[in-house]
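Letters are used for the chains, namely A, B, C, D, E, F and G, taken in the order the chains are written, and counting of residues starts over at 1 for each.
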């Protein structure tokens, strides 16, 4: 559009060229299908080629930056669907189609090649969980393989530092798109492993079409990931299809944010958990000590209990023994024996009394005194009777017997001669006269012859 | 001497005298003498007996 | 001497005397003597018995 | 010597005496003697027992 | 010697004495002797136990 | 050696120690020792958390 | 030697002593000895425990 105030003045060529450029600007993100021809690689890394369809042709350029991003590089004779814009270069006066994306016209064929690669890798066991490396729990640093230009670095860094404020991040800038991408990724991975600055690798990009993601479906990338010593996490953006890189990676995330959370723990959580462990440790230690204190206390109590028991049972034993001794003390025996002695004493007395009684009876039975008296009486009786008898006989025999009749006998007192006649005596002589009873002594006074 | 005769001796003497008297061979004087002697012996016997009696009668309650 | 006789000996002697006395063969004097002796033995026996009685009876409560 | 007899010995002696006493074969004097001896042994026994009793009774509260 | 007996030894001796006493075969003198000895052992036991008690009771608050 | 442990290894060791401690089968000495060791691991863990420096390093592709 | 016992060893010894004491098969003298030994072990245990406690109190906030 020419502004009115500028209308009267003629364009310079440059002005017109610029005008043309401006006018062409709406033709951006144009999809163009055509065959490639006359491809040339420039020193700055760009490609120049022509896109034709048999009737028409357009000059096309793929700048180095874009060349690194595209899924595949154009090849002569191949038909692609290019995305790009039309630009006019005043310097050369040529109209060019500036390619920023290249897609295979025949995606089916590409997918078939991809499936074949997956099959092979699968056969090798490259997808097995068992071969996958474990992510470090807490990496010293995180290596990030991504495009240095995207928002990926920022996202990841934000995520990681939010979780772990003092985490180191080592960025390995790589091409994540385009024909050079697989080699770029593989080289960076090797460097990561060699340099060992980080413990885990995140390969990230901001997503894209099948073609844009194609670098991550190449065998070169897959092999590089498989060969990595360090665990590899993919974060390739919101694609519906998993890439081969995702499948061989040790962990697969959708976004850099997710990957950041995956590779770095939350420091605060870790500290909480460490604090929790410390609490447990202290608690265990305290519990252990408390338990020991308790155990010792229990033992102390048992010991304290055992000690009186030690004496108690024995004291009881001695009390019993004392009672037994009192019971067995020969008090009863003594009493019994005293009783027995009394009995013996009685027997002694009884025996003595019996003996005495027997002697007395025996003695009494003799009636010695009576018998003595009787013997005496008998003896005297006999004697008296014998004397009486003799007395009688003497009286009978005595010449005196006549005297009782009044006769008397006179005897000479001196000679005892019986004076039978007066002449036998003389006067003055003493005579004795026997009478019937008694005698007389007399002196002869007269003699009468 | 007669005092020393025992009762038995005196009784023997008495019996002797009695026997002589009973033989009747004696003169009157001898007979009278024998009678006197017999009487002595009789007396001795009697005394002895009395003495013994006394002696005995004293003691029955004594022992 | 009689004091040294035992009760049994004295009793025997007493029995002897009694027997002789009861046999009646003794002279009066011997009889008297025997009676005397018997009485002695009788006394001994009686005394011995009394003594024994006393001896026995004294002590029942003593030991 | 009897003071040195044990209770058991004295009891044995006592029983011996008792037996002969009860057999009744002893003369009165021997019996009396035996009674005396028996009483002595009885006394010894009794004394021993009394001593024992005292000994036992002294210590009821002793261990 | 008895002072060197342990509680158990003294107790054993005490039991022996008690057993013999219980068997009742002892003469009185031996029984009295056994009672005396039993008392000695009982005393030893009691003393040992008292000593033990003291030893134990001194330290109630000590471990 | 412990200095070369990763946070995870140290944490694992710490957890091992904690587990045996919590199993409660250790002797007191071993438990205290385990507590000490656990603390060493705890310290390692803490140090590891602080070991990293907040920085971003760009390692441009060497041609 | 007992000074070189660990807490557990001392505790084990203590338990051994306690067990025999509680079995009650020991003689009085041995029991007293066992009590003494048990006390020694208890003391060792207590000291070890106190030492451990003190050690901990020195570093209460150390990780």
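Quick notes on this one:
The criterion applied here is as follows: a residue touches a chain if its C-beta (ideal position, glycine included) is under 8 Å from a C-beta of that chain, and two chains touch if they have at least 3 such contacts.
Because the structure is predicted, anything quoted here is derived from the model rather than measured.
Chain D maps onto chain E through a rotation of 10°, based on Cα atoms and reported in steps of 5. Which two chains touch most often is answered by the contact tally, and the pair is A-F.
At the interface between chain F and chain G, two copies of one sequence, fewer than half of the residue numbers in use are shared by both copies.
A simple rule picks the central chain: find each chain's mean C-alpha point, then take the one closest to the mean of all protein C-alpha atoms, which gives E.
Spacing of chain C relative to chain F, judged by their CA centroids, is 135 angstrom. Distance between chain centres (mean CA atoms), chain D to chain G: 68 Å. Chain A and chain D have Cα centroids separated by 77 Å. Between the CA-based centres of chain A and chain B the separation comes to 144 Å, rounded to the whole angstrom. Within chain G, residues 7, 11, 28, 31-32, 35, 39, 42, 46, 49, 52, 63 each touch two or more of the remaining chains. The residues of chain A that reach two or more other chains are 278, 285, 289, 292, 300, 303, 307, 310, 314, 322, 329-330, 334, 337, 345, 352, 356, 359, 369, 376, 383, listed in rising order. Annotation, chain-chain contacts: A-B, A-C, A-D, A-E, A-F, A-G, B-C, C-D, D-E, E-G, F-G (touch as defined at the top). On the chain D side of its complex with chain E, the touching residues are 6-8, 48-49, 52, 55-56, 59, 62-63.
Residue ranges of chain G in contact with chain E, taken from their complex: 27-29, 31-32, 35, 39, 42-43, 46. Contact residues of chain A toward chain F in the complex are 136-138, 140-141, 148, 153, 157, 161, 164-174, 184, 187-188, 191, 195, 197, 267, 270-271, 274, 277-278, 280-281, 284-285, 288-289, 291-292.
Chain contact summary for the complex, chain A toward chain G: residues 278, 285, 289, 292-293, 295-296, 299-300, 302-303, 306-307, 309-310, 313-314. Partner chain A is touched in their complex by these residues of chain C: 7, 11, 14-15, 18, 21-22, 24, 26, 28, 31, 35, 38-39, 42, 45-46, 49, 52-53, 56, 60, 63.
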